[in-house]
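This report concerns only the one structure given below.
Going in written order, the chains are labelled A, B, C and D, and every chain counts its residues from 1.
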Amino acid sequence: MTELIHRNSSGVFVIAATPFAEDGTLDLESTDKMVDFYLECGVTGMTILGIMGEAPKLSDAESRIFAERVLARVAGRVPVIVGVSGAGLDPMRSLTSDVMAAGAAGVMVAPMQGLGPEDRLEGYFAQVCKALGGDVPICLQDYPLTTNARFSVDSILKIARDNPQIVMLKHEDWPGLAKLSRVRAETGTPDQPRLSILTGNSALFLPQEMQRGADGAMTGFAFPEMMVQVVELSLKGDHDRAEDIFDAYLPLVRYEQQPGLGLAIRKETLRRRGVIASARVRAPGPAMSAMDHDELTRLTSRLEKRLKELG
Amino acid sequence: MTELIHRNSSGVFVIAATPFAEDGTLDLESTDKMVDFYLECGVTGMTILGIMGEAPKLSDAESRIFAERVLARVAGRVPVIVGVSGAGLDPMRSLTSDVMAAGAAGVMVAPMQGLGPEDRLEGYFAQVCKALGGDVPICLQDYPLTTNARFSVDSILKIARDNPQIVMLKHEDWPGLAKLSRVRAETGTPDQPRLSILTGNSALFLPQEMQRGADGAMTGFAFPEMMVQVVELSLKGDHDRAEDIFDAYLPLVRYEQQPGLGLAIRKETLRRRGVIASARVRAPGPAMSAMDHDELTRLTSRLEKRLKELG
Amino acid sequence: MTELIHRNSSGVFVIAATPFAEDGTLDLESTDKMVDFYLECGVTGMTILGIMGEAPKLSDAESRIFAERVLARVAGRVPVIVGVSGAGLDPMRSLTSDVMAAGAAGVMVAPMQGLGPEDRLEGYFAQVCKALGGDVPICLQDYPLTTNARFSVDSILKIARDNPQIVMLKHEDWPGLAKLSRVRAETGTPDQPRLSILTGNSALFLPQEMQRGADGAMTGFAFPEMMVQVVELSLKGDHDRAEDIFDAYLPLVRYEQQPGLGLAIRKETLRRRGVIASARVRAPGPAMSAMDHDELTRLTSRLEKRLKELG
Amino acid sequence: MTELIHRNSSGVFVIAATPFAEDGTLDLESTDKMVDFYLECGVTGMTILGIMGEAPKLSDAESRIFAERVLARVAGRVPVIVGVSGAGLDPMRSLTSDVMAAGAAGVMVAPMQGLGPEDRLEGYFAQVCKALGGDVPICLQDYPLTTNARFSVDSILKIARDNPQIVMLKHEDWPGLAKLSRVRAETGTPDQPRLSILTGNSALFLPQEMQRGADGAMTGFAFPEMMVQVVELSLKGDHDRAEDIFDAYLPLVRYEQQPGLGLAIRKETLRRRGVIASARVRAPGPAMSAMDHDELTRLTSRLEKRLKELG
């Protein structure tokens, strides 16, 4: 039986891509290979059907087929979180119910586009928690750059207090270092239960976020082994080595962080690494130019050189 | 066999509500009654699964069940347009294919949230048209207040030239009177095919828009008989009478135009008029307060008094 | 000595236009005439240098010249509020200090574009109040459609509690009737001082807002005599008559509410009424087309006819 | 006599900070020192009164005092561009006229917040160019993340064709590499005059942008010597060395790129380097926490170590 996500979940929950064949259909063989690859990289969890996973481009049926395939392949070895954000609570409840039955460890919810002011965010999460059922652990996604919904720290704390099933924060406000420090300092007190904090934003500030008390990362960088090393070293307190490794990858982290295009770059990198068969992104979506391909080649070969220097 | 929408479609294409029972499930009996009501009001078409129709809160299966029910009840008496806007072309193509097979007269497409700049809007509609198939007539929805995607007149014209299956514009930029005048003046020329222009924005400027050359209205005001009268009178050139009638309803038009809450007001009005059994809006959604209910009562009774005065 | 604005200020604080000559320079003679006109209409206050007053298009020196001219002409007969919103506290403090010395009754402050989340709004008003000095009464402007800054009711209440010099709320959230009702119900209690609530949003909901407890209006509709009558009748409880008058003007209220273009329409209406010499709007700004001019003529003549009917 | 900016301007136009004393007044001595510092770093130009220069927080008088001080100190050794973006053309014309008379080499203009669709951007720049006068060279700033105004490449080209005084593009769309490549490829043809392209966005993609044909950088990174080296090496074709140096600074580039807070970090770095006396940012503005200070210290010391390794 799979462990559910909880207030002390830590490590790297990689945001999994959704592999498609060249004809645009779900590629379930690549899905298996990708799951194996992530597990070999040492991730402690996976998150599927996130925005980066192209969830909104799947039909209801495809979402379930993909989720079930991942859950079957993972087979309980690590917890899997499923993104269920949507415009209506009824479809969210239905998807949640299906994936929890199939072995998911929890779900991730971001507010609807533009939702505000904050009392409406608070009301929304109250509704969501009630609709999904109190036994489903939830990761709240704070990603204003994409959702245009803005949480203050006080709102996050209030929502977490009022809804005990919210056990995890996907932190990707930007800039967000001060927010992370405050959430860390102000949770885990007698009045405010602890939250697992996993950082997103393409890992652009991963070492700094770990030094400020994050429990790990939840993002989809195509070299998950970097995130695994940085998180492990950071949790052991070896920040110098963590930053040395991180800095070597930073040119690529930054390159993959380009909004929109980043997904194409990520999939192409996974394809080059032999993880998935096709880099196809469902339409409408970004496409890499020849120049982008050359840049990626150049940056990857510079990374290899730099990693050798580092030893 | 149903007539497809075309460049000279005119009249009132009412945006149909999606009726739910108190328990939140689709209310198909109310759906039938609502279709009958709209037809009795004299509408010349219907549009379903629009944003106001709570389309994003339906599952894939519910969308099809609802569309098929409406299409069956309408039985070809008037053309029905189906909103198919979405984040991915594959689900859009699938829904389009299903509803066209069931007798829809065309589909309506708005760009994705925040899409821009305009070359991306142009590219998007090229992709959409190709994906949906050249024989499916399309109504382009220009609704920047909600989509945050901004078309210049030149972009609308270019998209319409490049994609001959785009035969209709749902005009709801705001303010948008100048835009409407330009689209009317600059289409129907040797180089630029005519577009049917139906106006939205809750009909707040309906008589002015008709005087500027709109072909009709496409919005969901809960007194569709007003829109039918105003459009008919306007097309006959009796603008004074059209405005007299419109102005009588304007306090309610304005009241129903409140973003978000307007949908609850519209459904409650339809319920009070005996059209649908429940005013329920799917969560998360707006709810009317006791004060809102009293206001609606007051405004409706003032309308009745004013209509008597008008004769 | 002028009375300052306070927690019980009520009536119509008309948002004054900023008249320019055809060459774009400040037209101070028209300014005097406009002040006289507003006073003859029976306004109980004036607000200058608002967004609609084209404040951001004035130089620092022009702002002061215009404010001083208005204040001199008003000569203490009614309180004058000066909009001082800006990107930096230093210029805001300087302008505030100058206009208060010249006899202003208070200042109006909206948050900077996009400011959020709400703890930042709270922090901002704390900084503003400190910078402007505790003896300057402030009207907080809640206008998310323009500022993209979103206050919950709780934030407004907290800001008002923490900063006793905030005595007035310019209410123009949209939709905002529920918010207005809550602010009215939850202020004027032992723990929460009363706020004067004046409504904006072009007066589109003025009778409804008065019925929900607003103290009056603060907007710039070019027929201020309507607002004066509606507010007076509403405060006396004669809501039927108030709405009869309001509804007669509603087609024009709606017409003037068009974002951007509304300012040109307002100035043109004031010009036609003989209040200001030129309808010029400083560049970059909207311009009325010939069709707009005809529409305004038509709507105005319909208003006259309707007013006669009403008696 | 100063050289004006032109279609072949290249190198590093550093965005200059605006130094304040601890009491918030302009610090003109630090201004002189800062100018000297930038010149010693080898910059080929300067840009003042940009958004990062806190221009909107200065009074009209302060803007002129500061600009004149910088221009006097530079004394024609390098071209100085002055940011004049604003809400009204009259104040923009006045500032432009004053700074050009004082020796500026051109001005920079970004569109107003939220301006669109693109025909309005085109109309706006036509108005601006006419207002400022045809002999003033203009740098068009394309910065949608801040202005929420979105240019397609075609609009940029059209605006540049229609207004020959626009000779430079400050490129900071994000992601923007494809846009940069297209502007470079499609200018400098018989029909489309060349544009100098200087890249912004905190230099996060500087080597990639240089490889794609940028002429240099225009941003305010607190180690301008890095930008000078990278641009020089790139222009010579030594991309490996350029990237080696850039990558060493990348952790700090990324750190300074945090929206809002970045300005405080930049000023603190300049203060630590002895360039300006105080890191003060005018209110309302960001402040660094103790943790931010420690992070900056750590990142700076890691930079020093890395630079030694690089030799």
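Convention: a residue touches a chain if its C-beta (ideal position, glycine included) is under 8 Å from a C-beta of that chain, and two chains touch if they have at least 3 such contacts.
Every value quoted in this text rests on a predicted model; they were computed, and no experiment measured them.
Common neighbours of chain C and chain D under the contact definition above: A, B. For chain A, the chain whose average C-alpha position is most distant is C.
In terms of their C-alpha centroids, the spacing between chain A and chain B amounts to 37 Å.
One simple way to say how far apart two chains are is to compare their mean CA positions; for chain B and chain D this gives 46 Å. Shared contact sites, meaning residues of chain C that touch two or more other chains, are absent.
Residues 24, 54, 56-61, 86-91, 94, 112-113, 123-124, 127-128, 131, 282-284 of chain B touch chain A in their complex. The residues of chain B lying in touch with chain D in their complex are 116-120, 150-155.
Within the complex formed with chain A, the residues of chain D that make contact are 174-175, 177-178, 181, 204-205, 208, 211-212, 243, 247, 250-251, 254-255, 258-262, 289, 291-292, 295, 302, 306.
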